[in-house]
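Encoded as C-alpha cells, here's the structure I'll be asking about.
So that you can tell them apart, the chains are marked A, B, C and D in the order they are listed, and the count of residues begins at 1 in each.
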Amino acid sequence: GKFGRYGGQYVPEALMPAIEELADAYERYVLGNEDGFMDEFRERLADFGGRPTPLQRADRLSERYDTEVYLKREDLLHGGAHKLNNALGQVLLAKYMGKERIIAETGAGQHGTATAMAAAHLDMPCTIYMGERDINRQRPNVFRMKLNGSEVKPVTTGRGTLKEAISETMRDWAETVEDTHYVIGSIVGPHPFPVMVRDFQAIISEEAREQAVEKTGGLPTDVVACAGGGSNTMGTFADFVDDESVALHAVEAGGSTLEVDEEAGVAPNSASLYTGEEGVLHGARTKLLQDSDGQIMESHSVSSGLDYAGVGPELAYLVDEGRVDPVAVGDDAALEGFHRLSNTEGIIPALETAHAFGYLEEHHEELGERVVVNVSGRGDKDLDAAIEETDKRDIDEAPDMSMFTEGM
Amino acid sequence: MGNSDAIDAAFADGPAYVPYLVVGDPDYESSKAYVEALDRGGADVIELGLPFSEPIAEGSTIQEALVRSLDAGMTPDRFFAFAEDLDVDAALVCMTYYNLIYQYGGSEARSASNASGEAASTGPRPFVERAAAAGIQGLVVPDLPAEEADPLREACDEFGLDLVFIVAPTTRGDRLDRMMENVSGYVYVQARLGTTGARDDVSDQTTESLDRLREYDVPKAVGFGISTGEQAERIVAGGADGIIVGSALVDLVAEGVEEDRSTGAVADRLEALSRELKQGAERGYRSRTEAASTQ
Amino acid sequence: GKFGRYGGQYVPEALMPAIEELADAYERYVLGNEDGFMDEFRERLADFGGRPTPLQRADRLSERYDTEVYLKREDLLHGGAHKLNNALGQVLLAKYMGKERIIAETGAGQHGTATAMAAAHLDMPCTIYMGERDINRQRPNVFRMKLNGSEVKPVTTGRGTLKEAISETMRDWAETVEDTHYVIGSIVGPHPFPVMVRDFQAIISEEAREQAVEKTGGLPTDVVACAGGGSNTMGTFADFVDDESVALHAVEAGGSTLEVDEEAGVAPNSASLYTGEEGVLHGARTKLLQDSDGQIMESHSVSSGLDYAGVGPELAYLVDEGRVDPVAVGDDAALEGFHRLSNTEGIIPALETAHAFGYLEEHHEELGERVVVNVSGRGDKDLDAAIEETDKRDIDEAPDMSMFTEGM
Amino acid sequence: MGNSDAIDAAFADGPAYVPYLVVGDPDYESSKAYVEALDRGGADVIELGLPFSEPIAEGSTIQEALVRSLDAGMTPDRFFAFAEDLDVDAALVCMTYYNLIYQYGGSEARSASNASGEAASTGPRPFVERAAAAGIQGLVVPDLPAEEADPLREACDEFGLDLVFIVAPTTRGDRLDRMMENVSGYVYVQARLGTTGARDDVSDQTTESLDRLREYDVPKAVGFGISTGEQAERIVAGGADGIIVGSALVDLVAEGVEEDRSTGAVADRLEALSRELKQGAERGYRSRTEAASTQ
C-alpha cells in the first residue's frame, strides 16, 4: 500500500475493516481475476463503455508542431470521459463483494455522473453527495445523475463544495460501511484505492501502447496527460512506466499564478505535484497544497475537475523518482488549448484536457517525434464556463463570442 | 501504565468524565471560559480539539465548530498558547488530524535543511515536543490508525505523552491486538458506527465492544453519542471506565452563537451539563461496584 | 436515382449540374472506391469517430421484456449521434471532388455540429445556416459549431426555423455551386443524396449484423430505429433489408396526436411514413405531411430532431413494399422511454432515440426473441427539453423534478 | 411553335416584357390591382406566382411575398379564380412548385379511389385542366427539371399550355438539348447563378448563355436581377427576346406594405416601373436590329 514514502491508510478506525476488506477483494478479484471479475469488467467496458477508444493521429496539430501527435480518445467513452473506467470497475467490484449500496461524492459532477451510470447499468442503489453550491453550478450533471436513478444529496455544511461533500460521504460510509461501498473517483485516498483506481484506468495505456506500436511501428517518445487527482494521468502512464525511453509529462493546472496567498489560505492553482509539499490528506500521504501549519489550501483552476489540493500518492512518488515530469499550465494557456483543439481538430476537449494541449503549444520543441496526448474528456460540460472565461480574455483562436455573452 | 501520570490518575479512582470542545470556538476568550467551565463541572480529562481544514472523521456538529474556530484564526501555535493559558485541574489531551502534527515546525526544518543542503526532517516530533511543553498529556488522532502510528508513538514516548487510539465496533482480532499494544493512557471506545454526534440512544454495540475489550488492561472511555446523565450512568454501569462527551457540549456552544448568548451563560450551561454527566457516570459506577460486591 | 415511384431530382435547374457532378463522384468514390476514398472514410470513422460502436446487451430491458434486447450504441460516436457517419463522408467526398467550401443547414443543431466537426477535422471552411429562433433555442449547439471554426449564419426570414434555413442554404448553393458542397443531413433531397447518405450510414447495420451473429449466433428477429428524415433508420436497416426473416420497425414521432388540423396547417406529429401521402419536397418524391392543396404542414414532436414533414424516399418505398413496418409513438410514450432507458440501463438517450424505446414498451409482445434497437444519439443535448416536458406530465419513471423546475 | 398562340404572339413582334408578381400579395384585391397595373405598363406575358410553403428556388424578397400571400389565405383554387377575375391583355403564365401541381384535385381523386378501392390517380392533369379553364397559357415550375417533366408536359400538350423551362448558366450539352426539346412558349434564361433577386449588375453569364442558346429556335426571355430600363435595354440589345422581372416589382409591393401605401399608389409605381422596363427593352431591340441591318 505504499509508493516509497507516499500512500498508506490514514483513515478513521471505523473504516479500517472496510478498507481491509476492500484490499482483500482487490487482490482476489482485480489482481487474481477470481470468478472472472476482470473478464466481466473488460467485457462491460467494451460493450457498455465503448472500449477500445481510438488512438487518432491529429493531422493538423502534427503539422503545426512538426511532430507526430496522437490523441487517445477517452472523450469517446460512455459519459464523455475516462471516469467510467474506474466507476464501472468499482461498482462491479462492490457487486462481487456482496455490497448492496453505492455512495460517492462529486465536485464538478463528472465522477458522480460516471458512478450513477455504472450503478444504473449494474442495478445498484446509489447515493451521490454534492455540495449545494456545486449543485447550483452544475445542474445538468445533477439532472443526469437523477435520470440515472441516483439519489443526489445536497451538502449544506460549510461552503457547500467538494470538501464538505467528501466529509459527508465519509460520514455516510462510517455508518453504513458493512453493506455500502464508497466509490472514490481518483487515485487518491487510502490503500487500496490508489492502486485499484490505477488498475481500472490502466486500460488507457494498455490500449494506447498497443495502438501506438501498431500504427507507428514503435513506442511514443512522449506521453502527455493532465493531472488533477491523477486518475487519467496514471491510467495513461501505467503501462509506459517501465518503458524508460518514454517521457511522461503530467500537466497540472497552473491556475492564474503559481504564487500562493498564505494569508488567505489560497493557492490560485492546483499544481500539487509541481509546487506541493508532503503531507497527509484524505487517507494518504502525498504532495499537497498546504500552508506552513499543514492546513489545506483552497486550490483554483479554470477547470473545476482539476481543482483539488492533493494528488495521487503514486504520482508523487514517480515525480520524486524522476520518472514523471510535472509541469503546470495556467488558465490562459489552457483556454487557448481548448479553442485550438476545437477549431483545428474538430474535438472540443474538457477544460481539464485542454491543459495538456496548452502544454503541447508551449513545450512542443522539447518533445520527441511521437507524442501521445490523452484526451481525457469532452468539453460539452464546459461550454458555459468556456464562454464566460473566454469572454474575460483576448484569445486569438476563439470565435466571436458576442452572441453568447450578450444578455447572459 | 501510561506515559502520563495525570491521565493514569484521572482513571484511577472512579469513572472519568472526558469532555471535548474545539479550542477557539467561537473565539479564543470564550473558548477559554468554556473549557474552564468543563473543569469546574468535574472533568477528569479534557480533550481539546485543534481544528484541521479537512476533518474527515467528524459529524456535522463538530465540523461546523472546527470551521468557526479556523475562521476565528486558530492555529497550532495559538492552540498551544491556549493550553498554557488554561487554569484547570483536569489532564489535557489534544485531538487533531495527523497532517497538523506531521507539518508542525516543518517550515523551520525545511528552511534549515535548505540552508544546510540536507533533506528536511519533517515528522511528528516537533509537535509532540511543543505539546508537552504546553502541558498536553495525550493525543487522539482520528485519522491515524495503529499501522501508521510508529513515528508518533515514539515521539510520545520520548516526551511522556499518551497516545490514545479509537476502537470501533468493527475493530477485532489482529487489528485490535495491535492497537491495544500501542495504546496508552486510555482507549477511546467508539460506541457505534458513524462519526461523532449526539444521539438519543446508546447502542448495543457499546456493550459488545466493552466485552471484547475486557481482557485488555487499559482504561476504556466510551464516546460517540452521549448527551445525558442517564446515558452516562448506563454506560459506566455497563463497564466503561470513563465517558467521552463531545457533540452535546459543542451543541451548547453552537446554540450560544446562534442565539447570541453571553459567554457566561454558555459557560454555565456547559458546567451544568458536565455536572449531570459526571454524576451520571458516578451513579453508574456505584451500581456496578455494588453489583460486583453483591455477587 | 429512384426507389419505385419515389426519389428523383426535383431541384432548380441551376443546381442540376452540381447534382450530376455529385452523382458521378458518388459512383466513382463511394461505389467504386476510387483513390481509396472508402478506405480513408472508414479509417477516419474509426480513428476520429470511434467506430465500431458496440452492440450491447441491455440486461435489464431484456429481463423486463423477456426477450433479448441489444443496443447499437451510436450514441458513443464522436459528437454524440450517428450524424457524423454522414457528415464525415460528405465532407471527405467534397474534398476528393476538389470543392473548397462546405455549407449545411441545421434545425436542432445536431447535423450542424456533426458537419462543423467533420469540416474542422478535414480543414474545410464551413458555413452553417440556422434559423434565428432555432439559434436561440439551441445555443450550446451553436457554440459548439463556432468552437469548431464554422461560421453560423442566422436566418431571419419567415419564422426563423429549419424551413427557412433550408431555403437560405439552397440560395447560397445556387450561387456558389461550383466550389461549394451542400452537406444534406439525412436520406432526403435529390438523388444522389438519399443513396449516398444511406451508404455512409450503412456502417451501422454492417457492424450490427456482424456483431449480432457473433454475439448471439444468429440474425436478430427485429430491428428497431426511430425515423425522422430517416438516416439512422436506413443506416440501421440497410444490411438487413435482404434478410427476409428480420422485421424492420421504423418508429416515427406520433407527437401529441395523429389527428391533423387542416385548417391551421398543422400536423401535431411527424409520422410521414405512417400517415403521410405522396408528394414532392426538397428535391424528391416521397411521403409527406401536407394538406389537400399540397402545402407542407407544420409538423410537431417533443423531439426536435424528428420534427420534419418529409422522410427519405427509400423508406417510403420500403414501407409501400411491406418490407418496413412504420409505427408511431407519441410524445408521452417517448418521454417514458427516455426515463426508462436512463434509469434502468444508465444510458440517457436522445429524445429521438427515446421513441424507439417507447415502441419497445408498447409492442414488445409482438416482437421476436432477439431485438436490436439503434441508440441513435445521446440525450445530453435534450436535458432542458426533458426537464420542461417531464414537468408537464406525470411520469412514473421520472425522478423528482422539483429542484430543476423551481425558478426556471 | 408553342402550344399557346397568345404566348407565341407576345414574342412575335419585338421584345416581350414579362413581369412577375405573387398572386394574393399582400391580399387578393390589391394583388389584382397590381397585376392589372403591370398590364397597363406594357406587359406581354405576366407570370403569376402561386405560393408554395417551401419555395427552395427563391430569393428572400420573393420568399417573403409568398409568405404574405399564404398568410392571407391564398390557395390553388383562389389562384384560379383570381386568374379568371383578371382584366388584362397579356398572356398569363403560372409559376409554382411541382407539389401543388401534383396534388391538385388529389383529395377528390383519393376519396373516389378509396370508395372504389382502386389506387388514387394523382398527377398533374387536374391542375393543368383547371389552369387552362382559368385562362392560364403556360407554366413555369422551378423545381421541375426536364428529366422529371414528362407527365406535366403531356398534360400541357393535352390542354394547350406551354411548359417553360429555366436554363441556368451551368446548363450545357445533353441537358440543354433535352430541355430545349421539351420547352415550349419561351425559355427562361437565368441571367446568373443564384436565386431570384434584384441586382445592380447584369452578369457576363447572360451573354454567354444567349450565345449558347442561339441555335435553338425558341424565344429567349432573360430573368434574374433585372430592375431598371437600362438593364433591360442592354439585355435585349445583347440578343434576348424578352426580359423577365420579378424581385424589383415584388420589392415595390413589399415597400407598400411596410410603408402602408395605398393600393393605388403601389399600382402606380408598378405601372411606371413596367413602362420604364418595357421602353428599355424596346430601345435595346431597336439598337440590335439597327446594328443587324447596318452589318
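Everything that follows uses one rule, which is that a residue touches a chain if its C-beta (ideal position, glycine included) is under 8 Å from a C-beta of that chain, and two chains touch if they have at least 3 such contacts.
Please read all numbers here as calculations on a predicted model, not as lab measurements.
Engineer: Return the chain whose centre of C-alpha atoms lies at maximal distance from the corresponding centre of subunit C.
Structural biologist: So the farthest one, by centre of C-alpha atoms, is B.
Engineer: Using mean C-alpha positions as chain centres, tell me how far subunit A is from subunit C in Å, no decimals.
Structural biologist: Computed value for the inter-centroid distance: 34 Å.
Engineer: With chain centres taken as the means of their Cα atoms, state the distance from subunit B to subunit C in Å.
Structural biologist: Result: the chain centres lie 65 Å from each other.
Engineer: Mind checking the centre-to-centre distance between subunit A and subunit B? Centres are C-alpha means, answer in whole Å.
Structural biologist: Their C-alpha centroids are separated by 37 Å.
Engineer: Sort the chain contact graph into one of these: line, ring, star, complete or other.
Structural biologist: Here the contact pattern is a line, an open path with two ends.
Engineer: Using the touch definition up top, name the residues of subunit A that touch subunit C in the complex.
Structural biologist: 46-48, 50, 53-57, 59-60, 73, 75-78, 80, 116-121, 123, 135, 139-140, 142-144, 146-149, 339, 342-348, 379-380, 383, 386-387, 399-400, 403-404
Engineer: Mind pulling up the subunit B residues that touch subunit A in the complex?
Structural biologist: Where subunit B meets subunit A, its residues are 52-60, 63-64, 67, 70, 75-77, 97-104, 106-107, 110, 122, 142-145, 147-148, 165-172, 175, 179, 190, 193-195.
Engineer: Under the definition above, what is the set of subunit A residues touching subunit B in their complex?
Structural biologist: 8-14, 16-18, 20, 157-158, 163-164, 166-168, 170-171, 174-178, 265, 277-283, 288, 290, 292-296
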